[in-house]
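Below, subunit A partners subunit B and then partners subunit C, in two separate complexes.
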Partner chain A sequence: MLLLIVLLPLLAFGAILAGAKARQTAVIACGANLALGLLAAFTWKAGFWNLSLPVLSAPAIHLSLGLMDGMSVIMLLLSVIVAFAAVLTGQAPDGREKLYYGSSLLIAAGAIGAFVATDLFFFYAFHELALIPTFLMIGMLGRGENKAAAWKITIYLGFGSLVLLAGLVWLASATGTFDMVAMQESTAIDPAAQKGIAAFLIVGFGILVSLFPFHSWAAPAYASAPAPTAMLHAGVLKKFGLYGLLRLAVPLLPEGLHAWLVPLCVLLLGNILWVGFVTISQKRLDGMLGNSSVMHMGYIFLAIAALAAVPGGENAWAVPAAVLLMFAHGISIAMLFGLADKIERTTGTLDLDELGGLGKAAPSLAFLFGLVGMASIGLPGLANFAGEVMVFIASFKNYDPAAGMGPVQITCILAIWGVVISAIYMLRAYRKVFQGPFVKATEGASDLSLVDRVPAVLLAVVLLAVGLCPNLLLSLLR
Partner chain B sequence: MFAWILLLLPLLAAAANQLYLKRNAFIASLVSTGAVVATFVIALVLLGRDDAVVGPVSWISLENDPGLSLSLKLDQLSKGMMVIVTGIGMLVHIFSLGYMADDSAKARYFTGLSLFMFSMTGIVLAGNFIMTFIFWELVGLSSYLLIGHWYQKDSAADAAKKAFIVNRIGDFGFMIGILMLFGITGTFIFDDMGGGLANFKEGYESCYACLIGTAILCVFCGAVGKSAQMPLHVWLPDAMEGPTPVSALIHAATMVAAGVYMLFRVQLSLGVEIFTETFAGDVIAWVGGITALGAALMATQQNDIKRVLAYSTLSQLGYMVMATGLGGGDAGMFHLYTHAWFKALLFLGSGAVIYACHHEQDIWKMGGLLKKMPITGATFIAGTAALIAVPFTSGFFSKEAILHAAEAKPALFWIAVAVAVLTPFYMTRLVLVAFLGSPRTDDADHAKEVAPVMWGPLAVLGVLALISGFAFFNGIAPATPAHAGEFHVNKLFWISLGALAAGVIPAFLLYGGRSKDPLSIPLFRERFYIDALYDKIVVKGLQNGSAAVVHFFDEFVVNGLIVGGASRLAESFGMLFRRVQSGNLQGYAFTFGIGVILVIYFTTFWK
Partner chain C sequence: MPAFYLEALTVVLGLVLLMLEAFGPAHSKRLIGLFAACGLALILVFGFFAVGPGGTEASWASWPMWENFYAFDATARFYKAFALVCTILVILMAIDFRSVLSRFTDDPGSEAGTGEFFALPVFACAGMMWMASAKDLAGAFVALELVTITFYVLVAYMRRNVGSLEAGVKYLILGALSTGFLVYGIAWVYGTTGTMNLDAIAGRLDEIESPIALLFGIALVMVALGFKIGAVPMQMWIPDVYQGAPTPTTAFLSVGSKAAGFVLLLRFVEPFLGESSPIRGQVLALLLVIAAATLLFGNLAAIAQTNFKRLLAYSSIANAGFIVLALAAWKDGGATDPGSKATVGFYLATYLLMTLAAFFVLAQVRVQQGSEEIDAFDGLGKRSPLLAGMMTVIMAALAGVPLTAGFIGKFFVFSLAVRSELWWGVGIAFVGAAAGFYYYFKLIRAMWWNESDADPIELPKISRVSVIALTSAVVVIGVWPQPILWLMKG
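Right after this comes the complex of A and B.
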């Protein structure tokens, strides 16, 4: 069954190449995938989802797909929801429909494959499959200085993937298997090797997640990417690195992560505070959103740091916190990029100084953007808050007041300043785009069409549902 | 069950308005008003019921951990507070039916009010600290939406943004404080905190006072933001950009008082002595005292009727915070209770005046309004009498309770007395200039009494402002200090009477029959230059400046030098690859295939 979910977008991609109507095919395939993903969420414990085909005997590599635990299910859900919204949101330039929708499908297939693969080789290969169309879309259909941005992301992520590959190969040789399920049962890795592998994984995955100071590819790439690409990469594909750390580094390399705890804390504060300030000084909406997405990665790293702080210890909050926040961030950033695309299409600009008063002309757009903007800055009732507050609680879960604050608690306190920073940049942007009197660009602006509303409302409903009742997702983790 | 309805009914009204009734503003306004009337009835019913904790309902459930639940706490504090919130909420909704009748976005306005009622109810009934924080943020949102109701006006949009961000600064500390208390007591639940704290105190006597003091100060940051204490007071006067009924409900009577409410809730949960036995109490009391005095001084030189009342609110909130910090949280809550009625009255009265004078807010362009608007004028004077603590009005009893709580610290006591002199001074000035004398503009001359839907709430509040302090009514107060509402002729009585006279008489001499302000004190008028200082130094200098510097470094050092080298290298490679970049997908699919084969090859022959 999982093979079907991975293959559907690929088949649709083939059909588009063969001449099927690009948009319809993509929407149908992603819609079917959404239905299958929801089915998986209810029945994932049943064996019929899993699959394992031998590919290579030495070393033993299998095409194994499986839902190892609730985390895989939640990431799968995130992927199919965002993929559906992304293909609905996009509007391909004339004549480029094949590339436009085909690439989106490839990214979706790669992302889904990476989250459900239980073999290290395919885990890696699926992610690569998704990266290449990302580069292409930015390089060929992007806006502004898209060529430079495309090169930057290609070089950066290519390099990150190489570092990651080295780390994964080391990990496979240390555990003696490529099978990610068998790995969890293998004997503990020698602490010195753990430290080395952890370094490779933190840097490798870190580059893919735009961990400070490897973040500067992200904002220009998202700013110039076509809407579905930005939605899929920032929303889904970027979570691959965090998923990898939670899936591999946290259970297999507890000592290794612990050894890098303080550097990790410093870097994640770089994401939240340093990049936070960079976000404040952005003059364009797309640049602001791209940087804000980088900034929020810091909070998920904070959950990982909370786990790293007590190797082998209990922290019931940290993994659910990280997973919930990944999901919430994925949905919200996808929605933000989708709506920003609408703003650009109706006003012709994303320059904050050229916009104003759009709320009067486009009340639905203003409402939905306001809702998701509030979600992304952690307003209670929307999914991101539940994730963030759980991360904070996770950071203080093992706080011993008598012993004083450890690196994680201090990092958490500094990280909470991010809630102020994010309020500043988001409300400032909202103020400039939607409030105040009309300006030239917004005078004739139109509101969302019915078709435009479908993906935005879908994502908004998910944000509200998970925000009001986080147990909807958390029950998958128990 | 009733408690959940009380909480959720306004949310339902808000959702219904937002989803279905946007185009039918009249029905939307009735839905919101109906919901608040129902919640007022429920609040009264609950007042007669026993104390209880309703729930808990699991919100975040985890493996091997209790997770987090939602529960509603009903005790005298929360039940009394609900009567205030829903009572004033109801009157403000009714008043708004008249005040906002012609507004083009009436449905959005009432949606915002309902959302506020939901959020405020949540703060009051919260059974644990995370819930308090959740609804704390949500009242911030509703306040943001309502201040920015006329968002096409630059000043309103800016004021809304400022309110939200300044509150977030307070919430930064608030969250840290909540987490520290969680670390110390091991729980977020109010009812369990006292036990956790006692255990901690037994084990760690040496670091107890210092840690708990720090935690409480962090929690207090939240109150500093929400209750607009110095140095985060700057958002409240700007918040007057919102519609006036909103100012009455949110920015005078209920939301801004949430900080005091929360502090008293902390005191009840952690133990009565919590403020007096740590250094935190002193800091809190001084912040309150300084705010009370500073804001009262600023109020003496404001000319906008709403701004006078806004600074007066700051000042009175400072009173409550001061009393709470001194361990007199019950006195603070009692003042909160009386203040809610008379300050809501004053704001709604100013709304009626502004409505009647065609949106004129400058008191020097009014005059003689008592004759033109007898009901509004008379109720406004009743509210003023309560605020300046004329004997036997509600404010008289609660102000005496505050002064009594401050007696232990002479410095703060005399600050409180100074505020008790300044308050009658600026309020007498306001009444003399706006309501007495003769009209100074056509707008004031043509002012007419407002419709019954507007003066009705004024009349109700006018009565409450006069009588709600008597012991007879103390059953609905959230908390009452010992001997509240009783009358004694003692030292305090003479001091408050003296303060009243010392304020009223000079004001009469200075402002009787004047048509422009004989006093000019730029320091007070310009609010000690704090706002300008923030704008120039904190926002433009520190925040934008450091953001620009960081951006520069990010662009040219992290990105330019370190990564740029790699990127330039890439560009030269790019020339090489350009031939490969042919643009058709089959080609890329093929290249990808080769890549995969290479990786397989690589991994296979690694060892």
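Right after this comes the complex of A and C.
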């Protein structure tokens, strides 16, 4: 069944190439996938979802798909929800429909495949499916400095994947298997090897997640990408690296991660504070959103640092916190990019200084943007708040007052200031875009059409539902 | 049937083709090409029924030839099949390339002077097949010369084209130089070990007092084989010769000739890499140095190229670097990886699929647009979307994007290097592969980002079928690589 979820977007891509109507095909495929994803959330423990086909005997590699635990289910849900919203959002330029919707389908298939693969080889391979569609979409249909951004993201991610590949191969060689389920039960890896593998994984996954200082590809790429690409990439695909760290590094390399705890804390503060200040200084909405998505990765790394701080120790808060925040961030950033696309389509610009007063012309756009902006800052009642609070609690979970504060606690105290930074840039952007008098660009602006509303409302409902009742997701993790 | 019939049949086929060319119709040589391809395909089928001395009582099985001259194991069978498949595809490519060939031979516009272009690759193929079986340095030398001398003609075939002639002269001079290295190196190896038989060398290693003379010989032979496989320091000829030679010849050089060089290198280094060999460490270090230099040169020099054929030339150097890295990380096959020998074979097989597909397209771009620059591919996404789509897959595969065959080859190489803890090699391979993302994607960029008002490219039937088949194979092998490993097991 999972094979069907992975193949549906690919089949739809094939159908579009063969001449089917691009938008309809993509919407139908992603809609069906959304239904299947929801079904999976309820019945994921049943064996019929899993699949394993041998493709290579030495080393033993299987095309195996399965839902290992609630984390895979939540990432699958995130992927299908955002994919559905992404194909509904935006408008393909004339004559480019095939590319526009086909790319979204390929990226979605790659992300879904990576989250449900239970073999290291395909876990890695599926993620790369997005590489070429992203390159083409940003290069052909992007805005601004799109060509440079397309090269940057492609080479950066290509290089990061190679570093990651070396780490994964080393990991597979140390555990003696490519099977991610069997791997969890293998004997503990020698600490020296753990340290080496963890270094490769932190740098490799770190590049894919835009961990400071490997983040410089992300903001320009997202800023210039067409809406569906930015939504899928920033919302879903980027979570692959964090998912990989939680899935592989945390259980298998506890001592390896612990050895890199302090550098990891410094880097994640780089994400939250350094990139946070960079975000404040942005003059365009797309650049601001791109940087803010880089910044928020810092919090999820903080949860990973909390897990790394006590190798082998219990921290019941950290994994749920990280997963919840990944989900919340994925939904909110996708919604922000979707709405930003609408702002650009109706006003023709995303330059903050050229915008103003849009709230009067487009009240529902203003409302939804305000809602998701608040979510992104971390307003209680919306999903991101639950995740961020849990991250902060998790970092103090193993705090021993007698021993004083460790690196994670210090990092956490500094990281909380990131919420203030978020509030500054998000509220300022909201004021500049939506409030004040009309300006030239917003005079003839129109509000969200019905077609625009469907994806935005879908994402907003998810944000609210998870925010008000985080147990919807957290119960999957138990 | 005895295995050596395969080479004999191939030579006979070549002679028959020469007769056909001399007495057949002069206006079109298409028939000769098709006959050559069919004949080779038949020999390929025979290859599956060929047997070595092991499983038979026939009198030929006791000939001393098997003992000291000619091996027929799984490796030999695989590389013979490889040479045949490669030659068939090159001849098919040449059939659709006749219009360019005939323009630069004696009587422009008529195909009178182009018949040998289909017979010569068959002779080269016989040489490559023999190289796959050579277990004696003298025999290997003769086989290698058969290939090289044939290529002297093939490279300079368009004799009224200055570029082709220049390429021919360059290839001749450097080829002669490398032959000199080879003979000299063989002499040193023979002088220190007292044998030219590669099976016997391993047993003689313990008796050597000082390995320096032997290592000198090994280094010379490696340099000479570096000429065939396109590895530093004998890679200098590659860009110019590839660019000047007729496209099918270039494809043949970059796949067939390279693979034959690798099987010889494999057989040559294997005796020195046994666990008990006293010079194992030095030979591996030598291979690592060659691999690192080749990876850096090929990949970094490729970045600046604007001519697609030249780009493929540097890509061929870069890929040679990856394969030598697999040798430098020498491991026997096991449960967790296929081992260096199988990795080399696998990498070459995927390289054949991707590179020949790219050359098929390039040949037709040359025929229809008269240019081999990357610019010539501008706007292909709009002009011929299907072809551009396939070309995108091929370029992605060459860059090593997962779910294509090219990735699995690189994956095997990386796993070997990581498991042998060759961190320098791994680091340089990172740089190389990341550069690959740039220069292969340059073509994808040209096809999709750029605009052009040139006419669409229509592939003729043979080329179209070949490109579709090769591209499909690239994708299928990328997801299911086992079949190639089965072939290698024999």
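Methods note: the second predicted complex is superposed on the first by the 478 of 478 C-alpha atoms of A that agree within 3 Å, B and C clash if a C-alpha of one lies under 4 Å from a C-alpha of the other, contacts with A are read in each partner's own complex, and residues count from 1 in each chain.
Simple rule for what comes next: a residue touches a chain if its C-beta (ideal position, glycine included) is under 8 Å from a C-beta of that chain, and two chains touch if they have at least 3 such contacts.
Please read all numbers here as calculations on a predicted model, not as lab measurements.
Novice: Which holds for A:W151: it touches subunit B only (first), subunit C only (second), both, or neither?
Specialist: Both partners, subunit B and subunit C.
Novice: Is A:V278 contacted by the first partner subunit B, the second partner subunit C, both or neither?
Specialist: Touch partner of A:V278: subunit B, not subunit C.
Novice: Scan A:V163 for contacts with subunit B and subunit C and give back first, second, both or neither.
Specialist: second
Novice: Under the stated touch criterion, which partner chain does A:L379 make contact with: subunit B (first), subunit C (second), both, or neither?
Specialist: first
Novice: Determine, under the contact definition given at the top, whether A:P401 touches first (subunit B), second (subunit C), both, or neither.
Specialist: first
Novice: Could you tell me if A:S57 is touching subunit B, subunit C, both of them or neither one (first, second, both, neither)?
Specialist: Only subunit C is touched by A:S57; subunit B is not.
Novice: Determine, under the contact definition given at the top, whether A:V389 touches first (subunit B), second (subunit C), both, or neither.
Specialist: The answer is first: A:V389 touches subunit B but not subunit C.
Novice: With both complexes superposed on chain A, which partner does A:G176 reach: first (subunit B), second (subunit C), both or neither?
Specialist: Only subunit C is touched by A:G176; subunit B is not.
Novice: Counting residues of subunit A touched by each partner, does subunit B or subunit C come out ahead?
Specialist: Between subunit B and subunit C, the winner on subunit A residue contacts is B.
Novice: Looking at A:P133, would you say it contacts subunit B, subunit C, both, or neither? Reply first, second, both or neither.
Specialist: A:P133 contacts subunit B only, not subunit C.
Novice: Do subunit B and subunit C land on any of the same subunit A residues, and which?
Specialist: Of subunit A, residues 17, 56, 58-59, 121, 124-125, 128-129, 132, 136, 139-140, 151, 154-155, 159, 165, 169, 172-173 contact subunit B in one complex and subunit C in the other.
Novice: Which residues of subunit C touch subunit A once you look at their complex with the stated criterion?
Specialist: 333-338, 389, 392, 396, 399, 401-403, 407, 411, 414-415, 418-419, 426, 429-430, 433-434, 437-438, 441, 444-445, 448-449, 479-482, 485
Novice: Flag every residue of subunit A that touches subunit B in the complex, lowest number first.
Specialist: Going by the criterion above, the answer is residues 17, 56, 58-59, 61, 98-99, 102-103, 121, 124-125, 128-129, 132-133, 136, 139-140, 148, 151-152, 154-156, 159, 165, 169, 172-173, 213, 216-217, 274-275, 277-278, 280-281, 314, 316-317, 320, 357, 359-360, 374, 379-381, 385-386, 389-390, 392-393, 395-396, 399-402, 409, 412-413, 416-417, 419-420, 423-424, 427-428, 431, 434-438, 469-471, 474-475, 477-478.
Novice: Report the residues of subunit B in contact with subunit A in the complex, numbered from low to high.
Specialist: Its residues touching subunit A are 58-65, 68, 130, 133-135, 137-138, 141, 144, 148, 151-154, 157-158, 161, 164-165, 168-169, 171-172, 175-176, 179-180, 182-184, 200, 203-204, 207, 211, 543-544, 546-548, 550-551, 554, 558-559, 562-563, 566-567, 570-571, 574, 581, 583, 585-586, 588, 591-592, 595-596, 599-600, 602-604, 606-607.
Novice: Taking the complex as given, what residues does subunit A use to touch subunit C?
Specialist: So the residues of subunit A touching subunit C come out as 17, 54-60, 63, 121, 124-129, 131-132, 135-136, 139-140, 147, 151, 154-155, 158-159, 162-163, 165-166, 169-170, 172-173, 176.
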